[in-house]
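Multiple structures follow.
Heads up, the next two complexes both have chain A, just with different partners, chain B and then chain C.
On to the complex of A and B.
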């Protein structure tokens, strides 16, 4: 019996040690997952805030779609100019206009007007512009659909009610393309001569110089149009990288 | 025995060894557990602390970027005071679309959406930020501290610019990201140009001529506010931008004086440099096919070579020299020369000053919309069997005219003010010489419309109107200038603008912001009471019997405004004469219709919104005396209805007469209107007043 007791203590002691370690690991894991959730909430806040700001800037800024009255030399809240709208649809079919570009996220806008025919309110013309592709699969983090009421001004006598909806996406491709486009503007303005940034990618990254597109090679490839032509060293596997960026003769040189 | 002792010793040794191992194990366990607990707690606290710090800085960056976006999305100027959490040490940089917050090795970068048009700024441990958008230049400035404007401060503060206060520190020729338009006059007085205000967009205020620097020309800026302003130097940015067909900003100093020489023919020329300056185009002579420049005394040789830019200073300009068609020629390839007009039927140029110059070409050229009809704005040229029997077939027999009465007055209201100069009501009177029947202008008007009531109503209802614009200046002392129908008809027949409201007086004489000042062009077109008198005169001249057409006025709309127009009854007796029977009467036999020349409609009176009707009258006098007579009252006084008992307007959704009286001091004053005629007026459905 004594012999058995001795043998039991040999088992229980290490077991209790292992249990303690496991419990501590669980505690650590639970606390660190709280931190991850906190970060996700912050990202969600950023996304909502950017969605609201983008819609407001698009609808109210003279640089974007706001109708500028030559008579009053001013703009009217949430009334957009049909000519500017048509211009945006043509110019920004695959990328966001600079006037409302966010370098953290990607977005696409859809404007749907309403018209009254025979007493019924029906959908009228639709316009769409902004990024045509977003991060997919593991590179996709979250997205949001958000809309505001506004009006499309056709002429002095005709203004139609409409809604402006934004599909805003938080993803790896948007973040990486954003930082590269931001650097592009600073390079062009001679603000910086070189720049480095840490990125995380879940898929290989390649650059299509003919289309000036940066592509994330997820199961279904997704690409974004870039602001500057690049000499981009392909990233062949997922992981964390430090991108070293410089600018020569109007071309951004990106090495990892 | 020895063997047993040896065995016991061995057992004891093993037993001791076991005790030692368990103690060691327990001690090791305690130590490891302690270390692990310490490590885990340290890790947890460290991580939590770094998360908290990161979240705090992240929130600060988000708050600032959101405020910048709110400011940049504002339609005008905006000032946002943004307090930051106390005790948070940081360096904050606001750069192109980015807020960067850093503390030690921690850096948080947050992108914002709007454009700020300002240079990067960095703040160290800011406690409060002031985010200012100045509407005039769309700039969003971020400064540290409160959003207050101290005009005596040494730093040019964007808050002052947003508040329209000129701060002397902003009167500078050094770029500081702030364009304070309130300082523009001081800039000009001191002969300096604020580079922040020198830009390619209009600020809607005066232009600063000191922004043209002869030593830095071109400088990349052609300010639209410089349009038509002479400053002695040709702005080469405007010269290059608005050339070779681009119109917009006219710099009267262009082309550059150093490129001008005098030719052997005595004409001033500009040497050819590839830029035909088209900024100063003559807007009335320019068409979609050809730009005609303003005469500036210099022939631009670059324009001279073009086929679609006419420089009137060039004696041999292919685009404009003698390239207009002379009298008798067809305006096919080129338009008619000045003083001529192309007749719509044969396109031949004839004298413009004779309204009937096209009469005799064998083609009946009538109102717009008819075959060979004139474009709008040429009413005096319309050809009918009455105005041009040579070209227009048809019976041109005018009806007998002359059985009209002698009453010509119209109702006029003068405002009454109390001692505080507050309007407390008004007092009406019968004044002026308004009605004019069978006169030459009414006859000409009807000649152009075939003496056909349907054509008359077409003029009333067309939009843009065939005349019958609204002279907003008539509201200024209207009572003193009651005008005759002859003047109203004539002025509206000669009115060629498409604006349906205009001003004949400018400045304070033009009380409505949406009325363009057209001066003499607008003079005489009148307002509603004039239009009503003109329409009554026309319809009576046409032959509508005196008991079927009247002038009237009402109170209408949420603000209880007065409005005058003509009313006509669809008298079944008129049905036999198609020229006196408007098609609207087909479905309104026996009913009253409104003929509103000011608001350009003809509609049943029962569908015409109004609070209540005023009085009816025409050339035979006021309705109560001529048609509304009732048996004399008990004391022998004359009595009559103010308008026919079957005349009813639509008062659905309108305020009540009582509300108009109490809230706006507006009422008909039937008693005042009837008293000069010594008649007691009775409102149909109401009682004697």
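On to the complex of A and C.
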């Protein structure tokens, strides 16, 4: 009987040790998955937050589309000026306007107005501006479609209801182009002289100097127009890179 | 002793393992449930605020969109609707009517989707202004009534104004300036001028009217209240017609328009059809009234001494030579009562107004009739604007409270817009 108890003790002790290790592993796993989940939640919410704030800025900032009343010297909530809208459609057919640029995501806006003719409600004019291309395949992470009601002001006598929809995309190309455009602003304002940052790309990256476009060479190429002309050293394969960015004579020099 | 110690040691070992296990599992549960949840809810709250802002701004913009027929914003239209206490606003024959419920529904349906929104606006209890233009016959037979009107009517309007009801009257006197034997002159010189009471000669507004008084020496324009009413409606009161006021036109005379004598002297028109100028004058009044949606109220000012026998006695005034003259009123006033009643009733009934006769010879009676007309202008007011689907219970909704100016009353109400997914 004594011998049996002694043998049991020899089994229980290592078993306890193994169980303790398993529990500690579970704890570690839980902590790390908590971090991953938190990051995922944050990214999703960042995208929604960016979408809503971009729409609000576009519709309410005088620098963007908001109608400025010469009478009140103010703007009205979510009422956009037809002239500014037409101007944006012409100027920003392939890129986001500076007044509401997100440096983390890419987006395109579609405004659809509604009108009623002979008792039927129909879609009227449509306007679209912003990025025309987004990350594809593995470079694409997530996207979101979100809209708010607004109104398009034609004149003192005509303002039509409309919706402003944003298609906002989280992807590698948007992130990298955002970093480079942000650097461009800082360089132009003499805020920095050189700059290094780590990026991750799932596809080779090339730069079309004629079009001033940075392209991700996914199965179907996707390109984004850049703010600054660049001297960009091509990235020939997927991976993590440290970009070394400097600015010479109005041109951004990007080496990896 | 050793055995007991060893046994105790094993128990403690097992217990400590158990405690360690429970502690680790506890930590895992806390991490999973509490920390992730709180992080998510913190970000969620920020995003929710953005979405709320977007909703509020969006709802406001819908109210700033315009109705294409009137060029007015929905905010202005709700303000007018709240002022008149009616969800249908009539903008006259050219523009037509605007139904607020209909206009809000298609907009919110298009933007938020059917059955996903509700708009609630409380309409304050407002008494809309009443504006009256009144055309008075200035022939000598009015010497009974007009002196009393000039004295009592301003008092009546003043008295009504003290009871939270704003009434203005502009009297248009037809051409003529007979002086009654009591010294009263049948023109505006005998009327007081107040902010709510004005008197003008009809000839002063002829240039504003498409319908002019006819010209000719044999034409009795001092009794042409048909053309006079048409012109008064077109020109409006001294302060001008206001938006959303209750607009009335009152005519008072004891004869047919242009006289009951059919152009003759002290003979009564046998029938209305025998005097086409009177019919034309009446039609001018009816046409202008319907076009401007201002009803005609007619007060037949025949001062009977004995109504059953159609006896009117006489009236004293100064004739063209300046001598007092006691003119009999039996012809044409009293004798023509039937044809005058037919004529005046037609004006009132064709335009949504009303026809009145006087009960006594005292001029006070005409003032009492005007008071009756004003008192009858009680509107059935809509007290609340509720549009859209009922707000469902137990689900998350977004609410925006947007102030709605009621500029005509100088006050505000609030549009409560609710949206749900």
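The criterion applied here is as follows: the second predicted complex is superposed on the first by the 222 of 256 C-alpha atoms of A that agree within 3 Å, B and C clash if a C-alpha of one lies under 4 Å from a C-alpha of the other, contacts with A are read in each partner's own complex, and residues count from 1 in each chain.
Here is the rule we use: a contact is a pair of C-beta atoms (placed from the backbone, for glycine too) under 8 Å apart; a residue touches a chain by one contact, two chains touch by 3 or more.
For clarity, every value in this text was computed on a predicted model and none was experimentally measured.
Chemist: Does the superposition put A:226 against chain B (first), chain C (second), both, or neither?
Modeler: The answer is neither, since A:226 touches no partner chain.
Chemist: Would you sort A:235 into first (chain B), second (chain C), both or neither based on which partner it touches?
Modeler: neither
Chemist: Which of the two partners, first being chain B and second being chain C, lies in contact with A:66: first, second, both, or neither?
Modeler: It touches chain B, and chain C stays clear.
Chemist: On the A-aligned overlay, A:20 touches which partner chain: chain B = first, chain C = second, or both, or neither?
Modeler: Both partners, chain B and chain C.
Chemist: Where does A:57 make contact in the superposed view: on chain B (first), on chain C (second), on both, or on neither?
Modeler: So A:57 only meets chain B here.
Chemist: State whether A:98 touches chain B only (first), chain C only (second), both chains, or neither.
Modeler: first
Chemist: Please indicate which partner A:121 is in contact with in the superposed arrangement: first for chain B, second for chain C, both, or neither.
Modeler: In the superposed model, A:121 contacts chain C only, not chain B.
Chemist: I'd like to know which partner A:49 touches here: chain B for first, chain C for second, both or neither.
Modeler: Both: A:49 reaches chain B and chain C.
Chemist: Applying the touch criterion given at the start, work out whether A:182 contacts chain B, chain C, both or neither, answering first, second, both or neither.
Modeler: Once the two structures are laid over each other on A, A:182 reaches chain B alone.
Chemist: Where on chain A do the contacts with chain B and the contacts with chain C coincide?
Modeler: Common to the two interfaces on chain A: residues 9, 13, 16, 20, 24, 27, 31, 38, 42, 45-46, 49, 53, 56, 59-60, 76-77.
Chemist: In the complex of these two chains, what residues of chain C are touching chain A?
Modeler: 10, 13-14, 17, 20-21, 24-25, 27-28, 31-32, 35-36, 39-40, 43-44, 46-47, 50-51, 53-62, 64-66, 68, 71, 73, 106-107, 109-112
Chemist: Touching chain C in the complex: which residues of chain A?
Modeler: Within the complex, chain A touches chain C at residues 9, 12-13, 16, 19-20, 23-24, 26-27, 30-31, 34, 37-38, 41-42, 45-46, 48-49, 52-53, 55-56, 59-60, 76-79, 114-116, 121, 148-151, 156-161, 163.
Chemist: How about chain B: which of its residues touch chain A in the complex?
Modeler: On the chain B side, the touching residues are 18, 22, 25-26, 29, 32-33, 36-37, 40, 43-44, 47-48, 51, 55, 58-59, 62, 65-66, 69-70, 72-76, 95-98, 110-115, 120, 135, 138, 202-204.
Chemist: Considering the complex alone, what residue numbers of chain A touch chain B?
Modeler: Residue positions touching the partner: 6, 9, 13-14, 16-17, 20-21, 24, 27-28, 31-32, 35, 38-39, 42, 45-46, 49-50, 53-54, 56-57, 59-63, 66, 73-77, 98-105, 178, 182, 185-186, 189, 191.
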